[in-house]
Structure formats: structure tokens, C-alpha cells
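Look at the two complexes coming up: chain A is in both, with chain B in one and chain C in the other.
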Partner chain A sequence: MASESSITTSSYIKHHLQNLTFGEKQVETSPGIWTPTGDWGFATTSEEAAKMGFWAINVDTMLLSIILGVLMMWFFRSVAKTISTGVPSPVQNFAEMMIEFVNDTVRGSFSGGKNDLVAPLALTIFVWVFLMNLMDLIPVDILPLAVAQGAALFGADPHHVFFKVVPSTDPNATMGMALVVFGLMLYYSFKIKGAGGFLGELAFEPFGKMALPINLVLETVTLLAKPFSLGLRLFGNMYAGEMVFILIATMYGASLFMGSLAGVLQIGWAIFHILIITLQAFIFMVLTVVYIDMAHQHH
Partner chain B sequence: MNMNATLIGQALAFIVFIGFCMKYVWPPIMQALEERTKKIADGLAAAERGRHEQELAEKRAQQVIHEAKEQASEIVSQAQRRGNEIVDESKDNAHVEGERILTSAKTEIEQEANRAKDELRGQVGSIALAGAAKILGREIDAKAHTDLLEELVSRI
Partner chain C sequence: MDMGLVYVAGALMIGLGALGAAIGVGLLGGRFLEAAARQPELVPMLRTNFFLVAGLVDAVPMIAVGLAMYVLFAVAG
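Now for the complex of A and B:
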């Protein structure tokens, strides 16, 4: 950024926090008024991305999360294909270690009897969220620069190509996962307790039949708080962590002293972040298991 | 940081990965883990069984050795007894045989003595006759004096 005098600290931060959004192109016809053009393409400014509305997609989030997910599934599938019941290879050992860990955690938190979904779900969440969080440890400028330079080869203006590296700093990603978990919670609530049982729980707990409206409000809020807290906790933690990395990165251009201080800070924060990314993946997994377990419980 | 269709895309990707994991990853690995657990348990049980069997075999071997020793000592004592018996028996036999030989020798001697006596008796008669004839200087009718002679002979 030192070479680009036109980039200020705030624009640098903003640039890093903007997803690469693909949707219907918008133009600002007059100040504050945006009209759709009918063409589809990548947004070149944050404002345009915001105006694209719901039917736009964050290509960087989708691309990276799917690449990471496929990588994870390829790894586990290749282990599953060549698995031996004898002496395990080191790779198999590694995969088994993770699977045993997840299995133990699920067994400790889930009491809903035999369920073929919960354990694989927990494994998928743990590894996938961990990998998405792990992108945070890649120095903040490497991938965005590479993508911008790559896009420049195709004639795009590299200053208007956004690329957000960590999928879990996109609330769409975390809330999308929380949504699926919420769907599973509802599915199991209806399946185990029946529609009457589940709705009865919403209406008649915790104050009995006389306070039905209060119960309904309280229980609905409790129910909805679960997916929101699940998705937003992961998003918030990762967003804050990424923000700190970006802020540290802005120090590099200031002076030699600030630059070397930033180096130390970055290493320190990265080491601390190893704990956070693992912890957040673990929390997401455990809470999912607990929520699905709660959906199995009769009150 | 705006909510858009990525939400749906991410949810769909998530569902696909869960499904894949549930169908193609979790079951084979869990099955292999369970099989290995069973294998190890079987191996441990087999080792335990082997150790137990070895103990039993050792006990049995000791028992066999013990029995064999007893049998051997029994055989030895039996042999000794039998030897003693044989010695005693042959002693007895020898005794009896000696006795028999002794008695047969005695009877033979007796017989010989009797025969010699008889012979002597016969000869004494004729000698006495010849002596008497010489003393008297005449022929004595042997027939007339037979009873006298016989009386003489019997007195010898």
C-alpha cells in the first residue's frame, strides 16, 4: 500500500472487508439513487454490492468454502477408501484421531439414542469450520493481491476487485450453516415430539396454560436465539480476528519502527488465533450437537 | 457485509457435505474402527487363553512327571521285592534239593549195606560149612544139616 498513495488506511480496511459480489449491476443515476442495469457482473464498489440486494452471491466465500469442503471430503473419502483394520498408516491415523475425537464429543453431549446424522454432521462442521477459519492465518494481502492481479490479466481494474479470504468472516456463510442446523432442530423436534408436543412446548412452557402469550413469546425468542447466536458467534469472532490482522497490516506502511512492531504483533496474534479458530470450530460443533440433543428431549 | 443469496448457497453446500460425510465417510471409517477394536479385543482374549492353556499344560506336565516318578519308584521296589523273593525261593529250592539228595544218598547207602550183608550172610554159611568139614574130617551131609546151618546164618 506504500506504493499506492491513493489508498488510505480506511479504504484499505474497507477493501479488505468487502466480498467479491456477483449480481445484477447497479448504477448510481443520481446521488443515493441506484437503478439496476439488467446486466450481471461483479460489483466494483461496496455501495454497488450492497445495492445488489438479496439475489447476489459472494463468489469468494462460496468458492473458498466449497474448495475447502471438497478438500476435506476428498481427504476423508480417500482415507475411508483405503482404510485398513490392521496397522493404520500415518494419514489414516490422523483422520481416525479426528473422527475419534468428534465421536467422543458427540457421545458425551448427545443422549438422543441412535442417530446416524449427528456424528457425521459434527465432523463436517468441525473440520469445515476449522478449515474456513484457518484461512485467517494466511497473511491478509496474499490471496487478494493474487486474485486482483489475476483479474487484471482479464482486463479488470485490480483496485476494484475484492477478495475476502476467510469465508467464516462472511455472515452469509455462518448464518447459512446455522440455518441448516436450525432446520435440523425443527425437523427433530417435530419428529420426536410430534407437532402437538413441540407446539405445546412453545405454548405451555414455562408458566403453564394461563400465560400462553407470554410463553409463546419467550419460547419463540429462545428458539430463534439458538441459530442466531450460533451463526453470529462464529462470524463475530472471526470478523474481529480478521479485523485485527488487517489493522496490524496497516501498520506496515507507516514506518520502520511500526513495521517491525507490526511483525511482532502479527506473529503473536496469529499464534493466539490458532487457539481461537480451533475453539470456535469446536464450539460450533458442540453447540450444534447440544441443540439437536435438546430437540430430542421432552421437557 | 450484506446478506444475500450466499446464505442459501452456503446452506446447500453444507447440506451436500453433510450428506457426503454421512454416506461415504463416516460409516466405512467407523466400521473399520469397530472392526479393529474387535480384532484387538479378540487378540487379547486369545493371548489370555493361550497363557491359561500354557499354565494348564505346565500343570499337566508336572502331574505326568510326578506320576512317572511314582511309577518308576514302584517298579524299582517291586523289582527289589521280586529279587528278594527269587533269592529266597532259590534258597528254599536248594535246601529241598540238598535234603532230597541227602535222603537218596542215605537210602542208597542203606541198600548197599543190606546187599553187602546179604552177600556176607551167604558167604558165611559156606565158610562155616567148609570149616566144620575140615574140623570133623568127614563129609557132612549138607542136606541133613541145612536147618542147623540156617539157624547159624540167621544168628550172624
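Now for the complex of A and C:
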């Protein structure tokens, strides 16, 4: 990391964009040919991580997103347990503010009748995505350095310990959430409209019965594009933001002038990023509600 | 590969993304102001939707900037 003398901008960026991957260990037996060893462990290079295949797991993404999810649930539960009808505590005010905000948004964009799932789902998505995005505002080197030093205590080489702090810069996390939303869209389509109604919508719109194949292609693409763009939008925004933070961090080592410029840039970008992380969490929530609403609509 | 082309690719990504977003945000902001002047009582609702659409418009060039940065600094650098 920063203490390594042979470090270049390119290797620094790549190091920061590599997930901590756990999977079947691979060895490069000859150039370009990787063979599995049968042992399981953490990847020490990005190439090895890429070769680990389907059963590899990004430990940092899982760990941080689960910690943040538990934190969120603990917060709302502790507020709900100590709730009072008298003068509310500041914490209760904060929780009520968020719930009312989500409630208003869901009432504004959901018109599919009674559904007990949508509002809690929207609140969960909003707060959880916001917390995951919020990790972006932690200076880029703190957590990776801490994890690398911690791993060094257990005998690992700290230069080969990766840690990607922001769970939403991992497409696995965002596309996973988008897949769940897609599953809910399909579930409500089938539940509300029935298999015939849903398939009829796919087959007979927008051009009527005569152009069935064209309709089928168009509607399937529209259907699949929704979760795809939903997950990719969040991932792309957070990835781009993290990329800028990493680039600013590379400026600190250049010179006194560049370093002080980087300080100003980092503060500026962080302030702008507060808008982006909130906005992206909000957009993810609103689009989820709108998609589920669309699944409720009869055409 | 000719490394010069990587820089051209990065410039195209940032430039074309910015062009599209500029047109989009310009139209969006103009319409927002028109609507706000016409019906000032709708401003809170309009502002929410304005930010929502601004976020949607903003996303694509942001992604392009992120990828361009990656190409310029991590691939070429």
C-alpha cells in the first residue's frame, strides 16, 4: 500500500478496486494457465481472484453490507421499543422523519391497491442502500489499511490483502438487489394478473395480435432492461464516485502543492457526493416502487 | 496497442457523456422553471421529481466518467 516503494498510480487504483475474494485457490502453472489446488482461501492477486470462478465470494462486500443491514435493523428496532407518544426523543424524531418521507413517496407513486410489502421494502432499500453508499465518504485508505494490518497479525502479506470498502461499488451487490426486485415484479405480475394476463401483456402489446413475435421481443427486452439498468445505475454511480476519490488520493503523494489541492478537491467532491449517494438511494427506492406498481397495473 | 488511442477513447467517453447530460439537464431545468413559474404551489412536488429525473440523467455520464477514469489511469497509466 502507501508504504510500498514500487507503487504506481495504476497499481494503487487496481489494488483499491479489487475485492477481498474467498474461493478455491488457483496456481499459475504456466503463463496464462491456472489450475485449482483444491485448497480454499483468499486470493492474493486480482488474476487469481478472477480465475476463482462462480463459487468465489467477495467477503468484504458481504461483511460490510450485512453489518450495515444489521445496524439499520437494530436502529429501527431500538427506536420502536422505546417509542413514546409524549415528547419524542431526537432519535425517534429522526426515525419518524425517514418513515414519513418514505411513506409519502410510496403513497405518491404506488397506486396498485393494498399491499403491505411495498412501503417496508422501500424503507429497507432506501436506508440500506444509503448506508452502503455512505461508506464512500470514509477516506479511501483507512479501512483497507486497517484490514491489511490486521491480516498481517495473522501472518498474511499486507500487500496482498484487498479490501473494497463500498459494497455498492461491487456489481454483485447491486445486481443482487435488482434481481430481488425483478423477482418481486414477476411475483406480483403473476399474482395480480394471473399467468394468462401477464403472458398476454407480453405477447399482445403494443401492436396487437398480428405482430406477436415483435411484441414478444420488445416486451421481453423492456422487462429485462428494468432490473438490469436498476442495478447497473447504482453500481456505475458509486464506482465512478469511488474512482474519483481514489484518483484524488493518488495526488496526496505527488508534492506539497498537489497534496493541498487534493485536500480541497476531496472536500469538494465529498460534499457533492453527499447529494449523489442520497439521490441514488432515493432513485433505487422510487424505481423499485414504480416497477412493482407497474406489475400491479392491468392493461 | 497504440496508447494514444486510449486517451482518445477516454476523451470521447467523457465528452460525449457530458454533451448528452448537458442537453438533458438543460431541458429539464428549463421545463422545471417554466412549470414553477406557471404553478408555484406545485414547487415541492416538482422539485422531488426534478431531482429524481436529474439523478436518472446524471447517472449515464457519471458512469462514463468513471469508466473513462479507469481507462485513462489504470489501463493506460
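Heads up, the rule we're going with is that the second predicted complex is superposed on the first by the 296 of 299 C-alpha atoms of A that agree within 3 Å, B and C clash if a C-alpha of one lies under 4 Å from a C-alpha of the other, contacts with A are read in each partner's own complex, and residues count from 1 in each chain.
Just so we're on the same page, a residue touches a chain if its C-beta (ideal position, glycine included) is under 8 Å from a C-beta of that chain, and two chains touch if they have at least 3 such contacts.
Note that the structure is predicted; figures quoted are calculated from it, not measured.
**Q** Quick check on the superposition: with chain A as the shared anchor, is it clash or fit for chain B versus chain C?
**A** fit
**Q** First (chain B), second (chain C), both or neither: which does A:Q280 touch?
**A** In the superposed model, A:Q280 contacts chain C only, not chain B.
**Q** Counting touched residues of chain A, say whether chain B or chain C comes out ahead.
**A** Larger number of chain A residues touched: B.
**Q** Tell me which partner A:L17 touches in the superposition: chain B (first), chain C (second), both or neither.
**A** Both chain B and chain C are touched by A:L17.
**Q** Of the two partner chains, chain B (first) and chain C (second), which one does A:M175 touch, if any: first, second, both, or neither?
**A** It touches chain B, and chain C stays clear.
**Q** Using the touch definition from the top, say if A:A151 reaches chain B (first), chain C (second), both or neither.
**A** So A:A151 meets neither chain B nor chain C here.
**Q** Angle chain B-chain A-chain C between C-alpha centres, in steps of 10 degrees?
**A** 90
**Q** For A:R233, decide between first (touching chain B), second (touching chain C), both and neither.
**A** second
**Q** Looking at the overlay, does A:G241 come into contact with chain B only (first), chain C only (second), both, or neither?
**A** second
**Q** Regarding the shared-chain residue A:L131, is it in contact with chain B (first), chain C (second), both, or neither?
**A** The answer is neither, since A:L131 touches no partner chain.
**Q** For the overlay built on chain A, what is the smallest gap between any CA atom of chain B and any CA atom of chain C, in Å?
**A** 13
**Q** Touching chain B and also chain C: which chain A residues?
**A** 17.
**Q** Touching chain B in the complex: which residues of chain A?
**A** Per the stated touch rule, the residues are 17, 19, 21, 23, 49-50, 52-58, 61-62, 65-66, 69, 72-73, 76-77, 79-81, 83-86, 95-96, 99-100, 103, 116-117, 119-121, 123-124, 128, 167, 170-173, 175-177, 179-180.
**Q** Mind listing the chain A positions that touch chain C in their complex?
**A** Checking each residue of chain A against chain C gives 8-10, 13-14, 17, 105, 108, 232-233, 236-237, 239-241, 243-244, 247, 250, 276, 279-280, 282-283, 286.
**Q** Going by the contact rule at the top, pick out the chain B residues touching chain A in the complex.
**A** Answer in residue numbers: 1-11, 13-15, 17-18, 20-22, 24-26, 28-30, 32-33, 35-36, 39.
**Q** Quick check: in the complex, which residue numbers of chain C touch chain A?
**A** Going by the criterion above, the answer is residues 45, 48, 51-52, 54-56, 58-60, 62-63, 65-67, 69-70, 73-75, 77.
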